[in-house]
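See below for the structure under consideration.
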Amino acid sequence: MRTAAAILRKDLVLELRTLETVPSMALLSVVTFVIFHFALNRNSLSGQVAAGVFTVTLLFAALLAVNRLFVAEREQGGFDAFLLAPVDRTAMLVAKASALLIFMMVLEVIAVPAFALLLAPPRIGHSLPALMLILLLADIAFAVIGTFVSAIAINTRARDLIGPMIGLPLLLPALIATARGIGPLLSPHATGSPPAKWLAVLALYDLLNALLAYGLFDFLVED
Amino acid sequence: MEIPSATQATDAPVVRLDGLTRHFGERTVLRGITLDVTAGQTLAVLGRNGAGKSTLLRILATLLRPHEGAVKLFGEPLPREGWKVRGRVGLLGHEPLLYRDLTGRENLVYHARLHRVVPGRVDELLDTVGMRERAEDPVRSLSRGMVQRLTIARAVLHAPELLLLDEPRSNLDPAAGELVEPLIGRAAGVTRVLTSHDPQAALAEADLVLALAGGRAAYVGPPSGLDSDTLRGLYA
Amino acid sequence: MSTHVRHLRGLTIATAATMTAALALVFFYAPLDAEQGFVQKIFYLHVPLAIVSLVGYCLGGVFGIAYLRTGKRVWDMRSYCAIHMSLIFSVAGIIAGSIWAKASWGHWWVWSEPTLVSYLIVILLFCTYQPLRFSIEDPERQARYAAVFAVVCGAFVPVNFIVVRLSVEYVHPRVLNLEGGNLPGSMKLAFYTSLLAFGLLFATLMKYEMLAKETRIETRRLRRSLLGDDAVRPFGRTAAPS
């Protein structure tokens, strides 16, 4: 795991220095909220519609990050450097998924307040802890599936297209659970307690995908 | 080819190839390569672009797996036991394998962490290749010669016993070339496999020569046995 | 002789026979549904297609595991053909499902039937399989990545069904209980015969496809060894195993 930490550290330093990914994700999210305001012609959203809009916006931002995740490795030879080292290959998976998770969490620090400001869903302050829990589980899904899909896409010709194309269906169960989980939290009579069913679905889906990715990742990086 | 006795581990060849074959789809990139490289020897691989030199180096670096035939590094068969010997091989390829937005030092520290090398070695190597003053500048801002020096430092950071050098002296001015000679030249005393666009220079420092033509070994043996006709035919 | 040629004639005959029997049973033996009338018979087409194609997708994943473990190209071939065939069957299946939806509920598409919705999602996922293969040029890498993808997608199929089922809040009166509970005996016979017929059809078509591909590869190999590398034009980009 020291290897994964070394890779993660390198990626975070690179991101802080170049500021490529996270600011774009944040900007995209805010603009998307504005688009939804016009597209739906509403000043505020509540309930399931609010949850749907927020989930889809998160998805757009995640796709941006997914497309960039392995680009530096591919273009600057990071894969070879990693493969030459006597380290466990899944360290790359852990490192990249952690990086993506951190990016998503930083994004949400900006996106949630922006959402509250622009589209004013009711009870969002009250439901914040539950919302954060669901978003954490959702971010893990984005991280694991996103990393997996990105690792496949980076070695194809149409890499920006392939990533979202295979990622979206795979993310669908997580997106369903996220949106359905958040919906009751943003309705006018929200109690603030998270819906257990969808938390369980998200957690189990995260676990399944983590196991699959862990078992299969070696085959993606070795030649 | 005389194969040294395997009774003592120290006598076992560092590199043993036996009928090594690698395909790319329907094309055969390397066909039936057989040779031994013993400790301390230098193998020069000659041939045109596309003859399979880089592929051979990548197989020896454990980055590619052989499709047919046997490859043994330090007595360990690849690809099964590749993980055991990975840390003992250093590759200097076409790509510098450095992140452009990190500084030279940060890049080397990263590689040091990957290879579990003590951080002090980074400074030591920066001094040897003469990059100490520019170590805090991002690689993006360095000239090609400087990048090559950093790359060489990267390749030998973990003190590999087998060096794979793909055109090591490209982009280096003579002064820099002298600086790195103790690291990657004969003076380093390690087993080396090198390719070069300048066959005469490669032959000058080789103990063993492999001439590749269309994936096959056109010649395997000491440099003295390679006649000029074959040599010319390789690059025709 | 290719391993796929074995039993092929017997299988083809069995398929033809079972399919004929199934059609006969469906049109002449199974009773007309009281509510929906003749159109209900599309059920004998839709459900077997759906079941066979979903099993086919999972098989594609299983063959993918076999390829990753053994590295033998024949497993990649099997995985590709299984998924390819399942995609064709499932597109037919969803069209049949849409017709059935129109007959049952008056709309060409309904969101309240979770199996239909999950089916659509699975089809959308597997539609990406061939573009993915096509975008990887190195054949060995293509096979490996496709196998990894097939494994993940194969695992995805049952999970997806469960999650979508959970998301449907209104329990629509289900016309069909797939565990075979609600079907009267005569319908059961027609249904299971139809299911068997489509299963055999799947297996037969898969064998034919594999045989065709293998023959092509073998022919090229022979030409190359007899006439030299240059006599055979390279494949160029292709999504199929080669």
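Letters are used for the chains, namely A, B and C, taken in the order the chains are written, and counting of residues starts over at 1 for each.
The rule is short, and it goes like this: a residue touches a chain if its C-beta (ideal position, glycine included) is under 8 Å from a C-beta of that chain, and two chains touch if they have at least 3 such contacts.
Treat the numbers as computed from the prediction; the structure is a model and nothing was measured.
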Selected pair, greater C-beta contact count between A-C and B-C: A-C
Central subunit by CA centre of mass proxy: A
Rounded Å distance between subunit A and subunit B, as computed from the means of their C-alpha atoms: 40
Rounded Å distance, subunit B centre to subunit C centre (Cα mean): 49
Centre-of-Cα separation between subunit C and subunit A, whole angstrom: 32
Junction residues of subunit A - those touching two or more other chains: 223
Subunit B, residues touching no fewer than two other chains: none
Subunit A-facing residues of subunit B, complex: 61-65, 83, 86-87, 89, 91, 93, 95-102, 106, 110-111, 113-116, 154
Residue numbers on subunit B that touch subunit C, as the complex places them: 23-28
For the subunit A and subunit B complex, residues of the former touching the latter: 2-3, 6, 10, 13-14, 17-18, 72, 76-78, 80-87, 222-223
Contacting residues of subunit A [partner subunit C, same complex]: 148, 152, 155-158, 162, 165-166, 169-170, 172-173, 176-177, 180, 197, 201, 205, 208, 212, 216, 219-220, 223
Footprint of subunit B on subunit C - complex, ascending: 138-140, 220, 224, 229, 232, 234-235, 242
